[in-house]
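Notes follow the structure.
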Amino acid sequence: MTEFFQISLQNILSPPILFFILGLFAARVRSDLEIPPAVGKALSYYLLLVIGFKGGVELSASELNMTLIYALAAAVIAGAALPLIAFPLLRVAARLDRVNAAAIAAHYGSISVVTFVAAVSFLGISGIAYEGYLVAMMALMEAPAIITGLVLARGGRGSNVFSSAFVREVLFGGTLLLLIGSFCVGWITGGRGMEAMAGFIKTPFTGVLCFFLLEMGIMTGKRLSDIAKAGLPLALFGLYMPMIGGVMGMLLGALVGLSLGGTVLLAVLCASASYIVVPAALRHALPEANPALSMPLALGVTFPFNIFVGIPLYYFLAQKIFMLL
Amino acid sequence: MTEFFQISLQNILSPPILFFILGLFAARVRSDLEIPPAVGKALSYYLLLVIGFKGGVELSASELNMTLIYALAAAVIAGAALPLIAFPLLRVAARLDRVNAAAIAAHYGSISVVTFVAAVSFLGISGIAYEGYLVAMMALMEAPAIITGLVLARGGRGSNVFSSAFVREVLFGGTLLLLIGSFCVGWITGGRGMEAMAGFIKTPFTGVLCFFLLEMGIMTGKRLSDIAKAGLPLALFGLYMPMIGGVMGMLLGALVGLSLGGTVLLAVLCASASYIVVPAALRHALPEANPALSMPLALGVTFPFNIFVGIPLYYFLAQKIFMLL
Amino acid sequence: MTEFFQISLQNILSPPILFFILGLFAARVRSDLEIPPAVGKALSYYLLLVIGFKGGVELSASELNMTLIYALAAAVIAGAALPLIAFPLLRVAARLDRVNAAAIAAHYGSISVVTFVAAVSFLGISGIAYEGYLVAMMALMEAPAIITGLVLARGGRGSNVFSSAFVREVLFGGTLLLLIGSFCVGWITGGRGMEAMAGFIKTPFTGVLCFFLLEMGIMTGKRLSDIAKAGLPLALFGLYMPMIGGVMGMLLGALVGLSLGGTVLLAVLCASASYIVVPAALRHALPEANPALSMPLALGVTFPFNIFVGIPLYYFLAQKIFMLL
Amino acid sequence: MNLRTIKCAVVITEAAIKAEVIEFMTGLGAKGYTIDTVCGRGDRGVRDDDAMLGDYLRNVKIEAVVPPDVAERIITGVVEKFFKNYAGIAYMHDVQIVRHTKFEF
Amino acid sequence: MNLRTIKCAVVITEAAIKAEVIEFMTGLGAKGYTIDTVCGRGDRGVRDDDAMLGDYLRNVKIEAVVPPDVAERIITGVVEKFFKNYAGIAYMHDVQIVRHTKFEF
Amino acid sequence: MNLRTIKCAVVITEAAIKAEVIEFMTGLGAKGYTIDTVCGRGDRGVRDDDAMLGDYLRNVKIEAVVPPDVAERIITGVVEKFFKNYAGIAYMHDVQIVRHTKFEF
């Protein structure tokens, strides 16, 4: 147990997390501290480019084996399965109507890139390697999650799930496209590309992440009050759902034979909830759903939970699992 | 020939060009991927500062000789001469009225900084040096090109060519001023300055260029459809004019005794067409001209042509020329 | 004397100052060169984060002694005392009414972060160390200065000085909060944190400062014309007040036993005038005061004076003082 | 030149449906429009510009100078078509213009 | 649907007092508002968007669709309450809307 | 305070001629103006905010609260002076204001 405290202490005392806390504080005291939206968006693009590119480069270095295939399949399954777990919980425990339960379920089947990046930097500090294709796995979880959510919302009838707007939002949405695109560039250019890009990809990375988590903290802090409106049952769901997802991700990771680092990251993917791609997609595909319910939950409850408790916890548990193996 | 293919393959498979392709793709599928304008502008300023500063530092290191004088003169001549070549072609081959033919001619006498930067990074990868004062040459081509264009438009009568607005746009326009200013700072501070600035000038350069070309790709992609409206003859002009300019630039470069790298860059300057400075200047000095004709041509046709085909082509040909010398 | 010229020449010929001059020039010729506001704000946040973080890290390395306590006390005293010196000068020499005299006095009790950063980079080039807690001292000068100013304005009666809006502006204002927050993060994470952040904190620092001073030059240049309206007596105040403050800061620094570098920086803090935090705070706490008087003075006169003359001057004098000791 | 009074139809709604609303307005006969990103507050709470979090939290203000009948069809139409599920308001007001042919088909 | 004519009250003032003005307007009965950052010029000189130098140099334009009496109270009120010390103007104009209940208490 | 009805003259045109248009409007008697960057679409196609590519692709919306005669001269004037070569529209509408002296010479 003390071991777990050490891990989470080391996590909390890292610059990125401390800047996240600073952002939370700034929002609570209603400071005018605020990264301009245009810059915030550019920083998020930077992180997507870096994460995608690094993943691609690492993949180009490692030889392709069956584990890769299994892993990608596992990602699709996880993305589709998690909403099926979340949906009944939301219907029963949180007493939500079908549409909003399905919408929120889709958020939790999908992923949060920033949480993933925070986990990557956490692993980096601890010097733990991970498979490059985890980025591809991340990219593969969005669509199945949203589709499952839509089918649940439509009571089994997946009518007009694949509207052109939907496809553009999900497959060609800026977030995913930049992530996959950078992944491909990294894959194609490999080590040579990384050589040319290292000064951009590696040198400022941690600092930019701090800057970005500062902004995330501000945005999260602003939404903390909205959680009250969401109600306790829903807020609780925002706390136990990531743990359910995290455990599922860990087992999947161990099952398909990911490394320790890869397993932790898959756990983080399953535990995290989308607050950018899914809300945007559902706004078109499921307009009846109320974004004021899902947003505060994913951003205000689950995101900070994963940042503070989740990441070190999944790492701690994954270590235990790997000892048993 | 296989040699040329290797060169252009090496060019296309470099991260900057691949991100340009990603941007083109994003625009074609109407993705919402988009660098915020404010950030895009800042990135372009970064590139101007870097290119200018590097040029100045390199110049401060090299002793001044007659070649410099010849080279600067060659730049002015090229800027003034290219529109005289382009104008009749536009009048006859593309059947444009006097004013619009003159306007577009001015665009092709002037230069595209981003194309120049892409060529610099291409030379960098191939480890080929170039004269620092090419930046000064670049700066000297704008004004003659625009003035020639205006005189052509006014049918010989260069009336009110030098309106105060015109001077401010061209000589003191943000683009040129930052380029020349940074060039001077680099020249004054020399190696000492580069030492202090290296972490900003060199470390992130390639990465920022990728980010920027991603945005350029998006903007180019958005305008591809406008080319149809421009019509085939005009689109073809956007393809053969850069080659005419490129060859002219090469010969001029060899003539004045530039290095291989310098010759390639001068070719790129002559081959590229302005889509920022000239349009802005002409909007005031020649408002009758239709920007909807020149923009798509310079940005949608000539820019990608130079990025994909032009740069490696001019390099390939310049090599051949230098073998003969 | 020649020695002083060498110092100020070395200062003026450094990239940051040259880019400041470029900005001034751009504004005077009414160029459209302009860093987008969103980016300018982000850059200022970067500088605050860097300065704060570095200060914290350095503090964590040095053991705490009485000098620290004295220094912090000196900062508070300076912040409160400077307006008391400035106020009568403004009333008598510049013939200002009570309210506006008090308002401007508050500006000169407070500090300009950018001037501080410029001084830090000046010391960096000269390789002179300074105490990390000078950042804390900087943070401590704002509030006393503003409070003194308000009391002076209200003719002794400090009624509703501490309105909630006021507290939010001053203590929780973005500038101060980010500075202190980053200071704490640096303090907590120490050398380990700096290791992770160096690529962001150190590598691009000088370059970003150049970019930022370019923008500062533009903004300053835009306001030069407003100074005429302010009138000569006020403009002169903007020149001699920083020298008064600078000398006071030097003596205080030597008194409390700061290092040479620390003494220079304290002089710079006392000599510089706020043009962001104080104006914002007074807009709420003292709305009758006319911002069109204080802004051009602090930004258009005192800021460039310190950049060009002040910083090298205080360094030169501080050296002399330290020789006597 | 003689002035003529026509209408300016204004729609403030979620940036997420910007394209749809524009299409709807031009479909009803708007020959042009002007659009801007805005923030605001209404029954659906505060809507601020968190560009990072995406369009569905931002508002756009779309205005089109159109003939009165078109304006009326626009503001009644958007309410029916969009405002059940999306945040927004719509209104119109008189404006005097010079080149009326520019705004009519 | 039948249209009804109410008012749009517009206040352009210093961004520094954005919060206070909004509170004032909602306090007088505005159920919602739309806000945007603008530049401008008036008796107090040019006010441009130097985000770096802070809000007090920028303007905001706040508009609220409200019943006529509320609009009148808003534009007369802000002038009295704010425009002695702060830069700004206020005006109102007729607008036709559909769902009038949305704008009235 | 008694309200008075005057005009709000609105000009939407290319950012490239922002300075010229403002000078023209103030020259005709506008004591102040408010300006904002906008996007839009009209006869000259879509005009979007590609800040990188420069002003001539962007629009500005300039509004001035002025006496009726000034407003009329502004909107008729800009059409004649600028809109042959530049993209743009101009219109005016009634507004009620409080401190009419602020807007008249």
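Think of it as A, B, C, D, E and F in the order they're written, each chain with its own count starting at 1.
To be clear about the criterion, contacts are C-beta pairs under 8 Å (C-beta built on N, C-alpha and C of every residue); 3 or more make two chains touch, one makes a residue touch a chain.
This one's a predicted model, so the numbers in the text were calculated from it and none came from an experiment.
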| item | value |
| --- | --- |
| Graph separation of chain A and chain F (steps between touching chains) | 2 |
| Starting at chain A, fewest touch steps before arriving at chain D | 1 |
| B-C compared against B-F, more contacting pairs | B-C |
| Centroid comparison with chain A (C-alpha atoms), farthest chain | F |
| Between chain C and chain E, centroid-to-centroid distance (C-alpha), Å | 36 |
| Rounded Å distance, chain D centre to chain F centre (Cα mean) | 19 |
| Chain centre separation in whole Å, for chain E relative to chain B (CA means) | 47 |
| Between chain C and chain F, centroid-to-centroid distance (C-alpha), Å | 40 |
| Multi-chain contact residues (two or more partners), chain A | 32, 36-39, 41, 203-204 |
| Interface hub residues of chain E, defined as touching at least two other chains | 36, 51, 55, 93-94 |
| In the complex with chain B, residue positions of chain A that touch it | 36-39, 41-42, 45-46, 49, 53, 168-169, 172-174, 177-178, 181-182, 184-185, 188-189, 193, 196-197, 199-201, 203-204 |
| Complex interface listing, chain B residues touching chain F | 37-38, 40-41, 44, 215, 219, 275-276, 279-280, 283-284, 287-288, 291-292, 295, 299 |
| Chain E residues touching chain F - in the complex, by the definition given at the top | 10, 12, 36-43, 59, 61, 72, 75-76, 79, 83, 89-94 |
| Chain F to chain E touching residues, read off their complex | 1, 3, 8, 22, 31-36, 65, 93-99, 102 |
| Chain A contact footprint on chain B (complex, rising order) | 13-15, 18-19, 22, 25-26, 29-39, 125, 202-208, 210-211, 214 |
